[in-house]
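A, B and C label the chains in the order they appear, each numbered from 1.
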């Protein structure tokens, strides 16, 4: 009986891929910490600590240094808010809204052409089309998939930086940057959702003669709408978050005023605006949470 | 007052919110012979079994297990009680991406310290493996020792659940409709297996099932339940078709609900 | 009697939500004071665009000084990966701990009579307080973008690689905590409950009954987060750290567009290689 166990152990199912992956991960973490160029000790040097001390001193609003009182803090904060904080916050929301809607508009047609069950010569029919047409569609599907990967591979900040040089300091670079990156993500999620749908009713419709376009609009779209909306709002949260920092590149939204405060060494203002950015993100999370609950209940 | 039976319920009742899942149940189960719980869905069979396992507490009446009141068991003693009573669920409740050996060993987690559990699950000592292998042989699937559990068929997975229950070294075996999700041929094998093992290991076996034919064939005591109450408690010979029809008959109200 | 399934209308609440979103976007454009005409670049912008996109076809392999670009970019790539790895390694562990306390998996009030400790209501209240506090803390951690944390640390400490990693780690911890606790809450609990029925402690039931089932999703998300971490790490270069972003910005400011494309291609390849690798691993995880 012992021999049995040994044989069974040797022949047990195991995954080489997973073992290699785990090993690589461990090695990578070790190398990163050892060879990443981290000088933690330097943080404790005299120069750094002096810097830190000055910073902590400067994040207290000027009027409150020396004698701190809560009402003074509130009035200072209110001033910052009405001065430009509130408008900047609204602009951030506006940018995120434009970006996500644009992203969805771009992602829609891309997802349809990347979904393996829809992007074939004869979708949902048991008999495939001619080999030539099948090959063409296979290329289309793969190319679209690759294109989606490319769209989301570049960070939004980089897109925004490049577009800023070309388009100038309006809000468009931020919107387009967010839209491009997120269309890649929404496109991929959309394609996966389309690939997961129940093919039964679609096969029936196809056998009745429905064409590809009408199938997509009248059958596939309602079926994936719920999940797509959930992804939509989930990514909107992320857009809000990114929009707060993209302002740093230009266009008078929150990030811009943060950079402005930083260059003026007004760290108190800078910290306040950063915290305001955090509040904006939390508000966006909340709105998205409520809306997603609405969508779930409607499905 | 105490009890020298394995399980004894005196006027026990369980209420969930406004629903009486169990009402006025008084039975006595000794070690002797396997007991079958029969009755329509929602009759309270699962609730009764969970009472016997110490998983839920009665809202009315008293429950005695192994001679002690259930309410007297607290903390580690309650855990020890649960470890001594094995429970087989309807949907086997195994961990799908663990190996069969690990799922079986999990049965004894109640008796091991955390450190010992880690060792047992990830660097199983030879002796444990041999025990697991022996138990798997008893349930008929020794060659699946290191297979991933989700690669097995439904019937095989149920056997793994049985093996896990046996690995617990229990004094009693409770099975909640273990054959409902298994095809009829396998169902008979499974019931035969469980009753045989219960006999060989002298375990108190209480099993709920829908299939009356199997119940009459393999069990020496049938308890019929309906609407949270005990309708009859007789050996199979005394359970005639009329009694069965009465047990499963639908009143007008029940028919309307479908 | 068969249940009549509610088939959602083609337009309905969901359609209205979608419509509302589109209308909000148009309002936003009005509020920002921009329109499609602003998309047309001026003469200067057009010139830059032409030169920039033309350079896409011949990325540079040497800087204008004649130095080889490859070793520089390789160091930048390594630093990008190293920052991300260091940050994610810490955030992962911290996130798991926070997720545990921010989920409901380790205390379930429904298991009546399953209370294997005699401390009762006090313990329950303590658990709820912990749960709420942890959730609030992780929400706060998540809300401030890693670039903002970097800006704060730059002002406080100056340029230092460790603070860059910490800047990424903080919001990532919050994100891991939120997602992991959601995964834990959504994982089927039947196997953990079966272990409790067999007499295991709640901790053991969680560790051996729930964690293995949640593990594939946890690992898949961690890989996705790592990819995001690499992107964040690259962007930190724009602020002066020695990652790919630094070279993108520097080369662009010096109008060396070919060099910019070299850095961009390096970043692209990094992401694509990781995408492909993670796809392979993810397939094995689910199998």
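Basically, a residue touches a chain if its C-beta (ideal position, glycine included) is under 8 Å from a C-beta of that chain, and two chains touch if they have at least 3 such contacts.
All of these numbers come straight from a predicted model, not from anything done at the bench.
Peer 1: So which chain is the furthest away from subunit C, centre to centre on CA atoms?
Peer 2: B
Peer 1: Please indicate the chain closest to the centre of the assembly, with centres calculated from CA atoms only.
Peer 2: So the chain nearest the centre of the shown protein is C.
Peer 1: When the centre of a chain is set as the mean of its C-alpha atoms, what distance in Å lies between subunit A and subunit B?
Peer 2: Distance between chain centres: 49 Å.
Peer 1: Can you work out the whole-Å distance between the CA centroids of subunit B and subunit C?
Peer 2: Using C-alpha averages as centres, the distance is 45 Å.
Peer 1: How big is the gap, in whole Å, between where the Cα atoms of subunit A centre and where those of subunit C centre?
Peer 2: Distance between chain centres: 8 Å.
Peer 1: Indicate the residues of subunit B shared as contacts by at least two other chains.
Peer 2: Expected reply: no residues.
Peer 1: Along subunit B, where are the residues that touch subunit C in the complex?
Peer 2: Touching subunit C from subunit B are residues 53-57, 70, 74-76, 78-84, 86-87, 89, 91, 93-98, 102, 106-112, 114, 117, 121, 164-165, 168, 258.
Peer 1: Name, in rising order, each residue of subunit A that touches subunit B in their complex.
Peer 2: Those in contact with subunit B are residues 1-2, 4-5, 8-9, 12-13.
Peer 1: Along subunit C, where are the residues that touch subunit A in the complex?
Peer 2: Listed in rising order, the residues are 8, 10, 12-15, 17-18, 21-22, 24-25, 27-29, 31-32, 34, 38-39, 41-42, 45-46, 48-49, 52, 78-79, 81-83, 85-86, 89, 139-140, 142-145, 147-148, 151-152, 155-158, 160-163, 165, 231-232, 234-235, 238, 242, 245, 248-249, 252, 264, 267-268, 271-272, 275, 277, 280-281, 284-285, 287.
Peer 1: What part of subunit B is in contact with subunit A in the complex they form?
Peer 2: 99, 126, 129-130, 133-134, 142-143, 145-148, 151
Peer 1: Can you check the complex and tell me which residues of subunit A touch subunit C?
Peer 2: 15, 17-18, 21, 28-29, 31-33, 35-40, 42-43, 47-48, 51-52, 55-56, 90-91, 93-95, 97-98, 100-102, 149-150, 153-155, 157-158, 161-162, 165-168, 170-172, 218, 222, 225-226, 229, 232, 241-242, 244-245, 248, 258, 262, 267, 270-271, 274-275, 277-279, 281-282, 285, 291, 294-295, 297-299
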